[in-house]
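Consider the two complexes below, in which chain A is the common component and chain B and chain C are the respective partners.
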Partner chain A sequence: MDRVGKLYKNIQRSGFLVLNFIVIFVSVFGQIPLGFGLAYLIYRKSVKGSGFFQAMVFLPMVISTIIIGILWSKMFSPIGVVPRIIQAITNNPNYSMTIMNSKQLAMIPIGFVLLWVYTGTYLIIFLANLQNIDPNIIEAAQIDGATDGQIFIKIIVPQLYGVIVLTSILAISGSLRSFDLLFTMTGGGPAYYTNLLAIYMYNYSFIHYNYGVGSAISTVMVILSIVLVILVRFVRRKVETMGA
Partner chain B sequence: MSNVTLNTRKEQAIFNKLLIYILFIIFAILTLYPLIWLFYSSFKPILEIIRNALALPRDWIFSNYIQAIKIGKLNIYAVNSIIYTFVSTGLVIIFSMMASFAFAKIKNRATPFLYNSFLIGLLITIQAILIPLFISMTRIGLRDTRLGIIMIYVAINLPLAIFLGTEYVKAIPDSLIESAQIDGASYFRIFFSIIMPMCKPVMVTILIFTALACWNEFMLALVFTSSDSSRSLPVGIYSFSGPLATEYGMQFAALVIGMAPMIILYALFHRQITRGFAAGGAIKG
Partner chain C sequence: MKKSLLWLLIMILVVSMIATFSLAGCKKEEVAGEEAVEEEAVEEEVAEEEAVEEEVAEEEVEVELGPEVEITMLNYLDITSPEAAVWDATVEAFNAKYPNITLTIENSFGDAYHQKLAALAGAGDLPDVMYLWPDGRSIEIYKNELTEDLYPFLGADKDKYTPSAVAPQYGGKLNELPITAGTACHVLYVNTKILDDLGLSMPATYEEFVAMVEPISAAGLYPILMPNKAAWVMQSCLFSALVGRICGQEWIDKVLTGETAFTDQEFVDSLALVADLYETGLLPPQSIQLEYGDGPNLFATGRSPFMIDGDWRVGALTPLLTEEEQADFELAVFPDIVGQKGVSGSTAGVASTGFGMKAGLTGDKADAAWKWISFFAGPEASELRFVEEGMIPNYIMDLSVYEDVQPLVVKRAAFYAEVSTNTSVLDAVITGDPIELINSGLQQLALGDITPEKLAADIEAAMELVR
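Moving on to the complex of A and B:
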């Protein structure tokens, strides 16, 4: 209990729970709506060559996350592309990038990269589930004179309600254990402000060789993920009984 | 375009379509541009990278690659990564298909217990077992060996493979197996002549998941390897962000080497890969 107490104090001091919270927020309210929206547009055949666009959005998923982390930290660094674009837009050639060194702003690139990597997964999951919806229902609604907006809100969203909840929970549990991306993008800096639970555990166990505190952190992670697993089971059962 | 009044329905529809296209094209550019930028920057000398970040290289040089491989020892790490990926994926496919056959078709009282004990692996986060695993691997003497890494990779990838495989084998009708048994076929014969050929689609899914996971795995390789003979490519690439962080050209070359195989594979098999993720992605977690 002593270790857990120490851990709790450390967490309070570093304020790093904020980051965990932001990562979860981006996952649930960024990746999922974006993935859902894009999947819906592809599903309604709004674009030609949707196979190509789908492949593009999904592409980052097959690249190693550490490569993505290093690549984007270079994109946002002073030698990268992003500062040049900002220089061109603001017409200020002396602009230099300090985003990665600032406590508050370091979240912006991280959130962006999280979207860049994981939106594709949700696109694929939602598209697969959209294609399972009985097309007769939509056709019937169209015959009754429903507009596209009405069909979306009254038919599509309720049908996929369970999937939305499930993917949200998966997104939360996935972001709790994400390690590679932030480890390479920031290494926990500036001043350990961008530490995730997993990186925190790694630093304690394998940099400072303090297995006790490391184990305490991983115990916290296990408890959190067990809670989430129980939640997933519960939602799944609810959805299955709803469908039957 | 701003002076066009959108009063008719048709114009509105065209406008919407245009917006959607622009949205998708932005997404495509956002995905492709960083990769293309990385690719052509890896052929620039370091001064050019710093001065003209956006420009194409004036003359394309290969010395970044040669140096990255020499200094970063990427050739050794690449061999290690290939060994890990091939051996682990092969073992996972064989083990998981055998286990799936047994769990789905050979029923006895222990089956549900054994099956569920594998499925628990789906729920465990790797970080949760990292410290105990590290300590026990060190005690056994398997830390920093190729065998140790392969064992861990097989173990963490088996649960999902067994889950997908068992669900698939369950759908094969019992009558097929029974008629083979009447004809005198042994379990091994049934497995190799009936089950394996019928399970090709799910084997492809398992192959994709496991190969991607093993090739891209970083955290375990970072913790469990320390010598050149066992480090994998991601760890080698990561080492460029240490003291070599300002050697941008070399670092870019290393990144390209790390991601090129997966991008080529994706270009060839992206249909199977996305389908595999649609099947398995919803379960994982």
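Moving on to the complex of A and C:
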């Protein structure tokens, strides 16, 4: 009970659950739609040099997340590339990037990096599944006078419900155990502004050797994962029922 | 028919066996005679060889190396820092002295080092030797008895080291063999050339320091450079010294036992001073986003007249500056604060760090590990560190013979003589939740996210649970 009380107090203090939900939100409502959209553009041949485009979007996935974390940490540093670019654009040499010093805005650079890194994965998953859709169906719809928007909403999306659910589950579980990128990029700081569940668990377990609190946090992570996955499946059934 | 054939076969086998044994017996007797002659010859050869080996052994007695041993090591080093050159030279010297010992080295630095060490300890997979702190940051390793006591290895050589530096550590053991006589965790590095150019002089009081913000900022410089993205930096390199200065060492000793409390006004004032450093602009807001490793380069390139860091940063600064440039750099401490109860001009310090040995090492491994540990704290490695980085060795040696040392190194040596009082570094005497709260809380203070009073109350509440 003491450990649970301690954990609850720490959750209140740091608000790290909110931070975890921000990461989940960016993953589910950022990476998946973006990956889907880019895959659809390639599928409909709206992009020239689609192979190169595909490779560029997927490229971050072949780099170690530790390296990515360090790289972007340097880029967003007050003496890094991003502030220099802003200085050049705004013609203000005294501009200093302190976005990470704001409790409300500290997750923005992290959200951006999360999008940059993981969108490629979803692009590949969606593209592979889009290529499995029978082109005759789309052709038939076009002959019947369906617009691009109607084809997308009435034909493409319903055929990819299963993939959307799968990617959502991947995004949720991936977000909850998200550790390496944030750990190297911010270490959970400044203060507790970017301290996620996994970083908190790591600190308790391996810095303070408090395995009790560490395992309690892990349990919370597992429970949250299960609840969110059940929620996703519930939403899928609802959507399918409405579609039928 | 079949029966008679079987009998015939058995008979042949029996006869052949008897014949074999009897012939073998005859042969054995003959061979025994031959063997006796051969044995005598072999004995003579062996005796000759032994005599030669003994002669060689007598010649090689001074460089007896022992068996081939490999030891694993987790070292505290930023391999991109200028100090890495001294480390390489040290390892090279060790390899030359003990070619039979192979060092498998893994380098790590800052929080990453402590996290790695903690993870290895948690997994029961500690390296044979590891870089350790006398208390504080390595306390959990000692509490779990994961290191070997080095006193039995040190033996009579104890007299060769500064007595205070080899005094008993946690649990009455010598968990690590310190490499220096002590470490000043707070140093105010000063670029006097920039101060002169701006028409400023060293501040004697905090108020004078604050008054310098405007002219320094107007020149486009950071008033004080202290990259403290890593949460430990503010606590270790400045706040501990401020607590020692404002509250005094006696108060620190008492707060550990509960005779005084973190909610006392003097501690709240110390926290308020940190908030004030940011409010007045002495510490610019971006300093909380600067990586710890960025400091020396920015300071050496004249981005600020002041830098706050530990004394170990001399090693990183020296290679970045020419000897002429080093003349413009001084080592000082934070100026006096109105109402301070501590000693004027004090810094915060800890007993020195050094290598420790994994618990349970025996035989050749333990010998090899000790050879490394004693070499690293011994005269050869100490000489390298003194000449290149100005680290005053724990090993007692005559330093006056080294004339060709860098100016900043000489200033570092002089700094220890000028700063008479060392107060406790907080993370050396406080561990667990309270120090986590202090480290993160100092960042919250900097960001205006918490009041000094609230933070002090939180720290006291956490401390009450561990006292």
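Everything that follows uses one rule, which is that the second predicted complex is superposed on the first by the 223 of 244 C-alpha atoms of A that agree within 3 Å, B and C clash if a C-alpha of one lies under 4 Å from a C-alpha of the other, contacts with A are read in each partner's own complex, and residues count from 1 in each chain.
Here is the rule we use: a residue touches a chain if its C-beta (ideal position, glycine included) is under 8 Å from a C-beta of that chain, and two chains touch if they have at least 3 such contacts.
Keep in mind it's a predicted model, so treat the numbers as computed, not measured.
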Overlay on chain A: chain C relative to chain B, clash or fit: clash
Broader residue contact with chain A after superposition on the shared chain, chain B or chain C: B
Which of chain B and chain C A:Gln31 touches, first, second, both or neither: neither
First, second, both or neither for A:Tyr209, with chain B first and chain C second: second
Touched partner set for A:Ile79, first chain B, second chain C, both or neither: both
Interface residues of chain A shared between complexes with chain B and chain C: 74, 79, 202, 205-206
Residues of chain B touching chain A in the complex: 17, 20-21, 23-24, 27-28, 30-35, 37-38, 49-50, 53-54, 123-128, 130-131, 134-135, 212, 215-216, 218-219, 223, 234, 237-238, 240-241, 248, 251-252, 255, 258-259, 262-263, 265-266, 270, 273-274, 277-279, 281-282, 284-285
Chain A residues within the chain C interface of the complex: 73-74, 76-79, 94, 96-98, 100-101, 103, 187, 189-193, 202-203, 205-210
Contact set on chain C toward chain A in their complex: 111, 114-115, 118-119, 121-122, 140, 144, 220, 229-231, 284-286, 288-291, 294, 298, 431-433, 436, 440-441, 443-444, 446-447, 449
Interface residues, chain A side, partner chain B - complex: 38, 41, 46-47, 52-67, 70-72, 74-75, 79-81, 83-84, 116, 121, 124-125, 127-128, 163, 166-167, 169-170, 173-174, 176-177, 179-180, 183-184, 197-198, 201-202, 205-206, 211, 214-215, 218-219, 221-222, 225-226, 229, 232
